[in-house]
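Shared between the two complexes below is chain A, which has chain B as its partner in the first and chain C in the second.
Take a look at the complex of A and B:
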């Protein structure tokens, strides 16, 4: 399945939103990492990042390389919250089994109700 | 700035568009370098050339083969840094050139692609029993792991060994059955879901049967009765010593087995449960001269294996080959491997399969001072790890009681198992031996203390506890070896009928015998080990060697928990009792004297008459009293306990020893009583009406607490 990734950072740099569709495998994980680095840089220019929001409704699969990008994100911004919005059960399962669940918060919508 | 340029991390060579340079000899294996590039390092003593072979994940053909230039060889080590590789999508191996002269021990074949003995993950068996591509030119592929797991402050628990209660389990068998009700049956992840069970049971250490990468398809064959595929289920046949088995991880198909296993260990530690690994360093999956080239044989056959003067494989392991553990290079690999598991996986200890082999020299002769065993005992990284030997091998070396210990090593006490089983079936002439076993076997471990003795009555080899009281003979027909495999000396007794029966008296006696076994195990000095499922009456239907069954013969049936709720309740409470009474968990042997001057010696022996044990050959009764004032060498106070074992077939009256002070005898357990009355809760023991004597039923055990 074709992979696409888009992102935006809000005005004060406190919220960065990344939307991914398709599959994050070892190749597309690089795009994911670049996108993360780029939103981090942008938010730093504008202020402090508080929430990294990953819109994952259309994400079918995330590989070990993709999960590793998450570790990188958490290590880079330990004070920021990482939200998984509408992630599929299989993806949350992988996070659970590999001990990464504590790094993210799974939610059905963002902003939080 | 010029100082930003690492000249030692710049390519100097190029091959097929791939840039590389000379690497670093250490560490062995593959390492992702912070400045970019991957360092590959492998040793081989008698080869004349080496080629690094690179694949994209699961690709049928390599995308590059890079011969190591002569200047990349340091001593016998080939090392190279390769740049621009995507380690997440990479598989690698080596082709090794050298002589093929078996009579001299050399079996090089430069057409074979060999996995790296130090690789931290292997591809090829990512999903358990998924059909492999049998034409794969490189079936077991080295992969690269990036070590960045967040342990969140976890560290090995370092539970004092005398306080340990071990639970021997098989990763897949533990949860594979649908009755387990877990999300991903048969995996590391599923064990996490069963931590509440382990906590409720009360054990504080889980010993996992082999989790190093092995090939479940090895020697697979058809079950002659059912047509089902028989496999290498237990996994005592290692392909790689550093890689966890991917097929045991729900995320193995994503290459995340390392993270999943570490997450399990972290969670077990959070719940106060240590993790021991059953490690198999006595042989590899490469078999004898007819076996496959996977790694070691093609890299350095003469170094990795013990060979006869004619170049054949010694077979002290019973599986075709024997790892040459006391060759200095293999010794270093074993040490590197265990250090890796202790440091990177926070493993709390190791149980060494057929460990007597670790004490043989390169020609197979037993050593008085085996350097590997000594190195492990004194290694700084392993200094807090438990080291436990299965102190025998298939070559006839039996070292229970004499395995070189260096003040560190414990042993699976096979004599404990045999003695207690014989006692349980009312064999005569064993009271003296029984007295030794319940004391932590000072006859075997006088200078090593009781904690050298890992006490067990059942383990993966042999009958389960319920089968031990239900079968006189093994029933291994389903293994397809005409019932010739598996041990014949089971020391078991079926209580009157072979196998399942509707006879209520026999079924009652069998449960009583199981409770007797659990009781002796938990009130013996030393370290008790319980076999997975014995807490719920697990059966393997009389099969005492289920190494090849990926089915209900091995899979734990969790419905038994309800069916045999009385056994679970008994096991749980007898474990609580052990934990509540430090007098049962001495670090030192008893002195058989009253060194606290309280009017009782630390241990005393009794028979049907108090203070008068019956040591005669006809005796089937034995009682002992542990003085609470002498608990843990007299450093803490506990209750005084009296334990009476009556293996005579009828009830007998036992005179109770009188204890100084005004405390009274209370009954904690009586295995002859029906469920509900057989065992109390710790602290809720019932006052005995008659403080001078008690009738103890036939083939039963009573525990009294003086309080």
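Take a look at the complex of A and C:
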């Protein structure tokens, strides 16, 4: 499945949203990391990042290369919340097994109800 | 027994996962087993490509051999990289902060 990634940062830089569709492996994780770095830079110009929102309804697969980008995100912005929106069970299972679940919040929608 | 050979590049990861997904489905395995197989194979093949080929400045292939044995799908991954035996390597020091 082809991989696509889009992002946007809100006006005051407090919320960065990244939407991923397809599969994150060692090849496509490079685009994921690039997009994360890009939204972090944009957010820093505007203010302080509070929430990193990952829209994952269309994400079908993530390998350890994608999980490493998550760790990088958490290390870069330790005070920001990372939200996994509509992540599939297999994706959340990988987070559970690797102990990364405590670093993210899995939700059905964002903004939170 | 079936065999399929892929180029030893990261671009081959998605086709390799697709091939294994179809193979698992054809043998009647469920979605969860199929996903876990794709994940395990992806990690193994990634290491072959990144460390057996790219880091060693080598080019090669990845051959997948699949066989159903006693209701288990056995996947053998063959590469042409320099052999790596972890038992001959010193364990990493994980206590260094």
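In this text, the second predicted complex is superposed on the first by the 113 of 113 C-alpha atoms of A that agree within 3 Å, B and C clash if a C-alpha of one lies under 4 Å from a C-alpha of the other, contacts with A are read in each partner's own complex, and residues count from 1 in each chain.
The criterion applied here is as follows: a contact is a pair of C-beta atoms (placed from the backbone, for glycine too) under 8 Å apart; a residue touches a chain by one contact, two chains touch by 3 or more.
For clarity, every value in this text was computed on a predicted model and none was experimentally measured.
A.B. asks: A:23 contacts which: chain B (first), chain C (second), both, neither?
C.D. replies: In the superposition, A:23 contacts chain C only.
A.B. asks: For A:68, is the partner it touches chain B (first), chain C (second), both, or none of the two (neither)?
C.D. replies: first
A.B. asks: Which partner does A:94 reach: the first (chain B), the second (chain C), both, or neither?
C.D. replies: A:94 sits against chain B and chain C alike.
A.B. asks: Using the touch definition from the top, say if A:4 reaches chain B (first), chain C (second), both or neither.
C.D. replies: Neither chain B nor chain C is touched by A:4.
A.B. asks: Look at A:76 in the shared chain and tell me whether it touches chain B only, chain C only, both, or neither; answer first, second, both or neither.
C.D. replies: neither
A.B. asks: Tell me the contact category for A:103 with respect to chain B and chain C: first, second, both or neither.
C.D. replies: It touches chain B, and chain C stays clear.
A.B. asks: More residues of chain A are touched by which partner: chain B or chain C?
C.D. replies: For chain A, the partner with the higher number of touched residues is B.
A.B. asks: Please identify the positions on chain A that touch both chain B and chain C, taking each partner from its own complex.
C.D. replies: Overlap of chain B and chain C footprints on chain A: residues 26-27, 63-65, 94.
A.B. asks: Which of the residues in chain C end up touching chain A in this complex?
C.D. replies: 10-11, 13-14, 17, 32, 35, 38-39, 42-43, 46, 49-50
A.B. asks: Could you list, by residue number, the parts of chain A that touch chain C in their complex?
C.D. replies: Going by the criterion above, the answer is residues 1, 23, 25-27, 61, 63-65, 90, 94.
A.B. asks: Quick one: which bits of chain A touch chain B in the complex? Just the residue numbers, please.
C.D. replies: On the chain A side, the touching residues are 26-27, 29, 63-65, 67-68, 71, 74, 93-94, 96-100, 102-103.
A.B. asks: Of all residues in chain B, which touch chain A in the complex?
C.D. replies: 57, 86, 88-89, 146, 148-150, 152, 183-184, 187-189, 249-251, 254-256, 259-260, 262-263, 266
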